[in-house]
Every structure is written in structure tokens, then in C-alpha cells.
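Letters A, B and C name the chains as they come in the text, with residue numbers starting at 1 for each one.
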């Protein structure tokens, strides 16, 4: 028997039953007898939503059954199975509605049967907000009552709404487990057809919360698929009727997880066999992409930003991990989903209570994450937050990063019960919460044996850091598919838009291309948006049609076009937070750069604040441009005008900061050694004539280059 | 050469959002010009004025406000008197007693007050929470549920609680959602985007883009509203075309100029006059910047601003 | 199309002679491009270059000076319609009114009131800068002259609102040295009025029955060679006045119609006579929408406090936040034994925090140190608010004045706690909540727990 056969046979069986039931009802009451569910404005909700037709009496119900019959096509294509599943569900709804004839109350404690619109509106809000992260439909009897109740309890603890159909209801009653809408465990009914009452919830949610028009079955299924995080746990043995109902669930986007192994067919992400009932929860959540919010971090001390600046002095310290003396490191690694068991915190090595008071030790903690949208590029973004996370723990101090960390734990925190695994709890909770958009699963390994730490540091962490640095330094504008906009400072500078590229970070110096990318992924509506770079206008100055369009949009029309690599033609605008300003120095045919910290005059005859007042505010000022310090050594720095060879002057402090990288770039681009020695500074002169004389003496290349103007 | 007047015509317009039901229903927005630029085109439905009342009754109100409501004993009395105020288009009930750091009234108690007020008046109702996002996230959905059919505006859904309030007010109970952001065009837009992504119709959203009393960082308010209206009209930015509602009274009556007693600041003169001045001028400035509705509380302020709007459209 | 600094630079002699006052030709060119310096400041520009540049760099709206000495004010000179585009340069000036139609007692009282409002707000003096002296047609010229004399005695800059040329001339005789505005030209009298204003060397105010007549009269005056003008945009109705004010400014700046490139006068006293609340609403409205001078009947504190606050906000540089002076601000009767709380000197933060502190009723010394006028997190990120900046300020300015050794720091820079404690021995550093609104409860709790 194929899966198709089972679905079709189950569907036929239910259809036959329904037909019989309707005919019987007509015989008993006459065809004008009204049929309706109590307390709903949506007639027979599932049928109404799928067809757009309201059913009022038995005659119309009989006609509706005819419509249902048309769904029951018997080709062996997936769609036939799905539609037969839907038909089965609708039949179930008809059977259920017959139970309510004459205002009968067919369900008694603890079962609910049909749920009113009011309950749906009430449940719908937390569903939309994610406060109810999912809806579990548990069907049939668990292998034992204990296992069944444990499953219900596990969902309940996660805030998931649980609905029960069939034997599981008695299993809960048997163990005295409390059920009811107020505890979000709702027994629907013992007949399998009662499952329609939860389907009805999903369907009415689509009508109420999704503005889906009744009859628009496509939008309806799209809504339930995308917005109603329901799934089915069906306990074996499964008869054909249940299999047919399951096909209906899958059609709505709800995966079915079962422990049935006989005569079942696995469909990835839709029909999943999980023999171990204790893993139903994890399997279901993964299949339906449900993420559980962590509301409190399970540690014995407080966690708040107020503790971020706390300093733990030597005398107050229980134990210290010191990366400057022994091998320590902190690391984020992305893994495959199957490699990670969510919320597993593993301590490998002795715990804090095994250390002497005031002693120094090694520690290495590795946070392993997995997620469908996770990218290795986010690893350093998470990692940079560890400092703040760990510092927010009361009685724990953290400094440094990567393999140069130091962590101190206070005596008070230790006395309160703080142990190594709690660091893991904090990292787990914070990473999961803050990076929810990309992290589906997370586990933490904490090593405290010196040998393990040495191994992790040298064999895993350092190679990972090196690889990242390598990627950063070799990434070019050409090597990436898109750029990012950044409008974080529009509050101060309304029309300014930064276009962030790998070789040109934001002019504040704080937003690299990777940061912008991560910001975008984590907050898709936030300040950093993707800018495509497909329609090049002028390669020399780095002008793109798509970049111009983006700039126009994000500046609300204030700017029409920008170039990425020119200071003279359509230069990028500046907000007010630039680290440096570069301005044309006409007499030497070069540019001077001043940094924010520099207080004196430049050979341009202007100070940094004067330059800033002319350059800022999101206005294009040809010849002048704000930028980050890091950009000075970029090969794209005013590439259109000849690049860094044009730099004739910068303050000594700044020069010292960037010299190494600038020299390297000059060597690469022009074959000039020690280029910085040719760049003047305030100790040489701030007078334009003297500058030219000095540059001539040094043989500065700018003097003989094409005129900039 | 005669003067060549070049009107600024926009094909875009601010969305029209209805509040309330029946004869006294009001429509916010609808304009396709900058505020009061009637010489350029349609001003839509004209700006509206709301009267603020509080679940905390009258004890903490300025003397002149107390005097206006003299004889009112219940919230229903106060609400009726508020809607009868000269120039009032709608009533705004602030449930400030819900603040967990203040009176910390229960949600049931506050919902009952909202119901009492809503049942007492025929003018449209705006219900403002207590500003505590956690409490508002629970309170306002309950208010939305209790006032089904009244077409009320719930203030406010913020970044932190927009899901609960947006889903309840905008989806479950068919009310209007107030989207509150902190004086920044991009934050305002982002909030509108996420609220509409929930499924709330853009026509069900009114923005509170943040405000201040004049003199208190009001420069940001001006520029935020100037820029929002410009983006909405000239750039046809659909996510900024929601009308703007600005609660004025709650800001202006809390600054020194409106609170310092005559003993404390003898040279400043009459306290009531100062309060009215602060309220009237802040309201006028907000309307000129782009508010489609302002919420005031002093009868003189309400009358003056309503009259000014009438004169300008 | 405005010229860029580079385009201007190309036309300079490139001598770096410094005679213009700028150290280099480049610096000079950038200033000219910004409109900060006039091109004529360079003595070596060629005739050609000068002609070309004067036209291109001429501001779309003239800067007109009125008044003399300490009461001299620049009006106009704006380049943008919205403050976020670029800073508004010439703030709105306010005038109180007197009129020949008022009796002596009323006039004396009104003039006496002019000096009542005079205070400082964040480094700016706030007072009634001008007096509008109105002449009611048919009254005796002597009466007007006497009134003008009285008004002039206050030392305020005057606006002579008078459409009778002879009366105006008589009035000018007694006050022309103080450079009043002669606000009296219209379509019927502009030639004579212009002659009178020019003879006296004062700015002429122009009005028209509608915007077209205003335009034509202004154009005619320009043709006569008088470009020392102010446009009185006040019409019969509020609506028409608003339309005039906006259309005039918009034509000048957006459509570069230079005929309307002058400052404006709005007389809200006339638009809302005897309705003080409406005058306030309109004064705020026309401060926002392009009144260079706004005339009210009488300025009192109630009107001034919000109005001057609004003006101060409106005319700030959007990129340079307002700052309050560093120092110790005792609140709620704080003395040397009261706890200290510190935050940054960004005016908005100061107002928010001081407002909440005042609401708490708890005596607190609010200590403001120089943080570059930035908000807490921005200042911290920029290194302007650091453990060193705070501790230095306390060591130098606070320790000798305050005995309390408890300091509350902003919740957003909790990270500074340890460092500040290390650098300020003897002080207990307490971290405040993240938001200012939580301060009231925080302080009250501290008070209740005896922590103060």
C-alpha cells in the first residue's frame, strides 16, 4: 500500500461516514434544519474559509458535501493527496457540526470541542506576538501515560499551546494532569474528528488576523503555512483515517511527527518518524522552525547591565582565568544543525569549587551555533558581545577578547553558587535571544583543564581567528555581491547615507561591511539595507545605478548620485561623525587629512572643526570628504584621483596610527617604500608654500601627477 | 512681471483614518499638502483636537481644569463633560494609573474605566496606556477587546510591544493602532513596517512620532515631522503616510513653566496662564509641523487651537 | 545653481595673501561657497570673476539690518525652508505694540511691560526686542511723534507702522538714528515712502492688498533702487497671512525669485486683537513659518517662556546640539550634604534628567561636566564621557564644595562604575536606571531605604 492509497482510503471512509451522518440527520430533522457551531461568525469555519460559502441548514450541508467530493481526485500526485486530506478535514467538520444540532452541548468536561471566536481572538494575539510560540496537536495514545504527560508538560513549559485529541486525554486524566484553556492545554474530544476544532482555530486565525478572504484557499494555506506555527504529534498505531487527516494538516503547512513505523512513508519536513517519544518535542520544534524565547537565565546571581562596570579586586576574587599567563580563549563556531543539541552546556574539566581561593587557571569556552540563516561571518559579531554579556553577571568581571581574555569571579558570586556552567548558561541565553534571527540551536563547551585549553586555543581558536583576519584583509569591493547602506546617524544628519563596502567602512569608523551585513540579517528593517551593485555606470569613480537609486531612496530624495572612489566627482556625503576629513590641497596637487583629535591648523588654512562644518550635514562637497581612519590605507581611497599617492599631509598622531598599513598599500600600488616619510605633518609645516617646498625636497609623487581640478 | 506662484502639487497623500462611529466619527489625515498649505491643494479632513482625561480623576489637574469639571463625580461624568468642551473633536483617556511605578491599578479596573468612558460618550475615543511597555502590552489588548465596535485608537504600540497591541487592536478587534516612536523618522518608518508586516492595514495605523514641550528639544520634533511629511508627500513613501497624532498636554503640563508655583517664580506671573501658553504654543507648533491631531486638556487651549485650525483651513 | 568651493577657488588669484582674512585661498573659497563671506572680501579678484561670482553666490534672500547699537538685528539671509537642511540663521524677533489709538495710561503700562520680560535661557538673552508703534489714520501727527519718542526712550528697536508719509517723516526725524523700520509702503504711496525711508537711511516695510500687489509694489521699489526692504505679509485673515508668509519665503528660496528675497513682518496683534491665547498660537505658528518679525500686543512671561524656547530650538544648528554649562545644579533644595548625580551637558538630556529629579522631590546635586554636548551613549562612545572626564571634574570642581561622597551615574554607562571608583577614592558610585523616567522611583526607593 502506498501513502496515496492510505490517504485515499481514509478519505473515502470518512466521506462515507459523513454522507451517512448527513442523510441520517436529514431523515431525522428534515433538510431545513439549521446547522451551526456556537459562538462563531464564520458559519462552518473551515468549509467557509476554503470555499467562501456559508452553510446554514442540512440541505446546504448536503450540497457542501458535493463540493467536498470534487476535491477528492484520485490521480497519484501529491496534490491529490493534499486535497483529499483537506476533504477529510472538511468531512470531519461536517460530522462535528451535526453534533451541535438544536444547540446541543456534545462535549463535557474536560473536553472543549468547538472553540468560540472569542477564544480565538484571545489566543490569536499571543500567537501573533510569539508569546505562544507554537501549537501542538497531540493525537492518539502515547506508549505510556507517563510519556504522554511528559510530552504535554514539555510543550507547556515552553509556552506552546497544546491541544489533545483521543487517548491522550484519558492519559492526562489518569495521572491527574491539569488541563484547560487557562493552562493552555486544551482537550478537544476523543473522536478523531474532534481534531477539526484546532484546524478551525488555525483557519479562523487566518480570517481574523490575516485578512484572508473566505474562498481564497491559496492565501489561506499560505497564511497557515507561514503564520500558524502548528504541528501534529500522532501516536501509532495510525489508521488510514488519521493518515488522511495528516495529509490535510500537511496541506496547511503543519508537519506530522509520529512514532509509527509500520507502513509509513517519510516525507522530509512534513511527515517525520521519530520512534523516541521523548524526542518528539525537539523534532517537532525543529521541523516547524519554532524558537523558544528564554525569559530568565538560570544562574544564582543577578544579570543586568548595571553590573557591567563592576570591578573585582584581587582580595574579593574567588578565582581568576588569565589569558595573559595561561592558555585561554573564547570562540564562536558555526556548526551543522545535526551537530548541536540545543541548550547543552558541557563542562570539561574541574569546576570552580575545585580551585583554590585566589588561584589562576585556564579557561576556554566555545559557543557552537547552528541555524538556517547562520553564516560564519557572524561569528565575530557574536563574539564581540561576550565581553558585555559576561560583565553583566553580578560578581563576574571580563576583559579582553579572543585568546587574550581575563575573567574574575568574586567570592560573593561563588558563595551564591556561581559555577563554571553558569557562564555557559549566560552565553547560551544571550546568544539565543539577541541573535534569534539567525541562531536556531546553540550549545556551549567550557574547558578548564590546562591541556584542553592549550589544545583548543592553538588548534581551534587561533586558526579560526587567523582565517577571519585573512578574510577581512583580502575581501575587496569586487569580491562581494552587494554593499550595504547605513543610516544610523540620520538623526543628526538627515540626508546622509553611508554606502559601506568591504574596502570602505562607514565614515564613523565603527561600521564595517561585515557589521553592516550582520545588522541587516539580524534586523532586516533596520538601518543597514542591502544595496545591489549590478548596474555600473563608471568603474573609474565607482558609480552604480543601483547605488544611486538606494542613496536617493534613503536620503529621501536629497541626494541624486554618489561615487564610491572619488573625492572630486559626486563624493560620498558626510554626516558629522566622521573620524577624519580629507580635503584637496591645490598647491601641492594633493590632499590633506585631519583627524577629529587634531586641534591645530592644516595647510588648507582650516582646522578640523572648520572643515567639519563645511563637509558635514549630508551635503556633497567636491574636494572634501569625511571618512574612517581605516579607509586611509584602502586601495580604494580616492582611487579615481590616483589613490593614496595624493596624500601630502596628515597630523603626526594619525600618521603614526596608519603608517604601517599605508606604507604597505603604497608599496603594493606604486612600489614606493616608506611612503609615510614623504607625507608632511604639523611638525614639518602647516603653511601651503612651505609644504610644497618640503614635498619637492622629498620628491613626493603628487607634485607631478595630473592636476586634480 | 507679475508674481508667478508655483504651487507644490503632490500626487501622494496622507492616508485617511476614521475614528469612532456614527455622527461624531472623525477622519484624521487625507491631506495632499503640507500642514495648512491650502493654497497648494487639499488639506484633507483638517487637523483634529482631542481632550485628555485621566483614570486618576481630577485630583492632580490644574485648578482651571478642575473648575471646568466641577460637579463631575464619575469617570462617565468627566468624559461627557470632556466631549462637550468647545472645540473638542474626540476624547483621549489616559490610563496613567496603570503604571506599576505609580498607582499600579489592575488591568480589570482600568478596562472597566475605559468601558465606562466609552459608553458615556458618542465622540470618538482614544485610549492611551500608562507608558510602561510591559503593562501596556497586556492592558491595551484588553481595552481593545472590551471596546469592540467602538473603533477606538489605542496609544501606543511601541517597538517593544507592538506585536501584542498591533495584533489585538489592528487584527483581532478591529480598532486603530497608534504607533509610537522616539522622534526619529527612521524609527517611525521601521515601526510602521513591522506593524503592517503583522497584517495590520496601513489604514488602521496612526503615528505618534514623539514630542516634547517647546524649548525642550523641540527641534528634533520639528525636523522629524517636517521630514516625515516631506517623505510621505514628495517621495510617496507609503510607510510614512499614516496621519500623526501628538499628545501635547502630557508633555507641556509636566515642565517647569507649567508647574512652578507663583511663590516659587513670582516674576513669571499667573500659573494657569503659563500652563495654557505652553500648551497652546506647543500645539500650534506641532500642527504647523505636521500633526493631524493634537491632544490637549485645558478648555481655553482646546477652544483656541480648534479656532486656529478653523481659521487656517 | 550654487557654486562649490572648488569652482570658486579656480577663480581666485591663488596667492594665499591672507588679505581677505582667511589663511588660504581655499579656505576663503569654501567660506564664500557657504555664504559665510562675501566674494568682495578678496581684493585681487578680476572684474570678470567678480561679476560672475557675485551673481552666482548672491544669497537668495537678503540679510537686512534694523536697529542700531545694542539693538541692531539681522533679519533674513535664510537659505533653506527647513531647519534640517541647514541651520536657520536669523532668528525671529518679537515686538510689543503701542498705538495712537491707546490712551496714555495704557501706553505707559504697555511700554513699562516691555522691560519686564528679560531672562537668560541656555546662554541666550530672552527679551522683547522691538516695539511696533502704530499710527491710526486721522490722529494728529504730534500725537504720533510723542508716542514714538516715548517708545524710543525704551531703547528698543522701533517699527513705525504708519502709512501717512508726512506723519512718518515727522516721526523719523525724532528716531531715525536708532534705525527703526518704516513699515508703511503700499501700492498708493510707495514712491514717497521709499524716498522718506532712503532719506532717513532706514529699512522700508512694504505691504499689499494681496500677494500680487505686494509683489508688484516690491518690484517697483526695487526699480526705484530701494533694496532695503521688509515685506509685511499680514493680510485680513489668518489664512491669507499664513499663505503669504509661506509663499513669499518659498518663492524666494525654492524658486529663487529675488523680488521676494526679503525678511517678513507678521502682525498677529492685528490678526487676533484682544485674544491673547490666539496671539500666542499664531506667534508660535509664524515663528515656525517664516516670520522675521512677529508683532504681538504685549509680551509677558507666560507668552515668552514657550515662545522663546520654541525659537531657541528652531534656530539651533541641527548638527550642533545645545549645551548647558558645566557645573553643580542643586535641585529640590540640595545642599553640600546631598547626594550627587551626574550626566552629560547635552541640553535635552539635562532637561529630561533635571525634570525627573525635580519631580522626585529628593534633594540632589546634579553635576554636569563637559561632554561635548552629546547624549550619554554618544558621548561615551566618543570618549567625551569617561571615567577620567567624570573623576577629573569631581576632583577639580566638586570635592571641595560637596561633602556627600555618593555619586549616581547614568545607567547606560554602568560600565564606568569600577573605573570611576578607582579614580575617585572615597566615593561610592551607584548605577542609575537606564531611562530618566525611572529616576523618580529609583530616588524615592533610595530615600525610603535610607540610602541617601
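In this text, a residue touches a chain if its C-beta (ideal position, glycine included) is under 8 Å from a C-beta of that chain, and two chains touch if they have at least 3 such contacts.
Quantities reported herein were computed from a predicted structural model and do not represent experimental measurements.
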item	value
Between the pairs B-C and A-B, the one where more C-beta pairs touch	B-C
Remotest chain, subunit A as reference, centres from CA atoms	C
Distance-to-centre winner among chains (Cα means, whole assembly as reference)	B
Length of the line joining the C-alpha centres of subunit A and subunit C, rounded to whole Å	48
Inter-centroid spacing, subunit C versus subunit B (mean Cα positions, whole Å)	29
Centroid distance [mean C-alpha coordinates] between subunit B and subunit A, Å	34
Two or more partner chains touched - positions in subunit B	220, 223, 227, 230
Junction residues of subunit A - those touching two or more other chains	494
Subunit C: positions in contact with at least two other chains	84, 318
Subunit C partner contacts - residues on subunit A that touch it in the complex	305-311, 391, 397, 492-495, 510, 558, 568, 576, 583-587, 601, 603-606, 610, 613-614, 616-617, 621-624, 688-689, 709
Residue numbers on subunit B that touch subunit C, as the complex places them	1-6, 8, 36-39, 101, 131, 213-220, 222-223, 226-227, 230, 252, 254-257, 267-270, 273-274, 276-278, 280-285, 287-289, 300-301, 303-305, 307-308, 311-313
Residues of subunit C touching subunit B in the complex	82-84, 116, 121, 211-212, 214-216, 219, 237-239, 242-243, 246-247, 250-251, 254-255, 257, 259-260, 275, 277-278, 280-285, 287-289, 300-303, 305-310, 312-314, 316, 318, 347-348, 351-352, 355, 358-359, 437-438, 440-441
Subunit A - residues contacting subunit B, complex	121-122, 124-126, 128-131, 208-211, 227, 487, 490-491, 494, 525-527, 553, 556-557
Touching residues on subunit B, where the partner in the complex is subunit A	141, 145, 163-164, 166-168, 171-173, 184-186, 190, 193-194, 198-199, 201, 220, 223, 227, 230-231, 234-235, 237
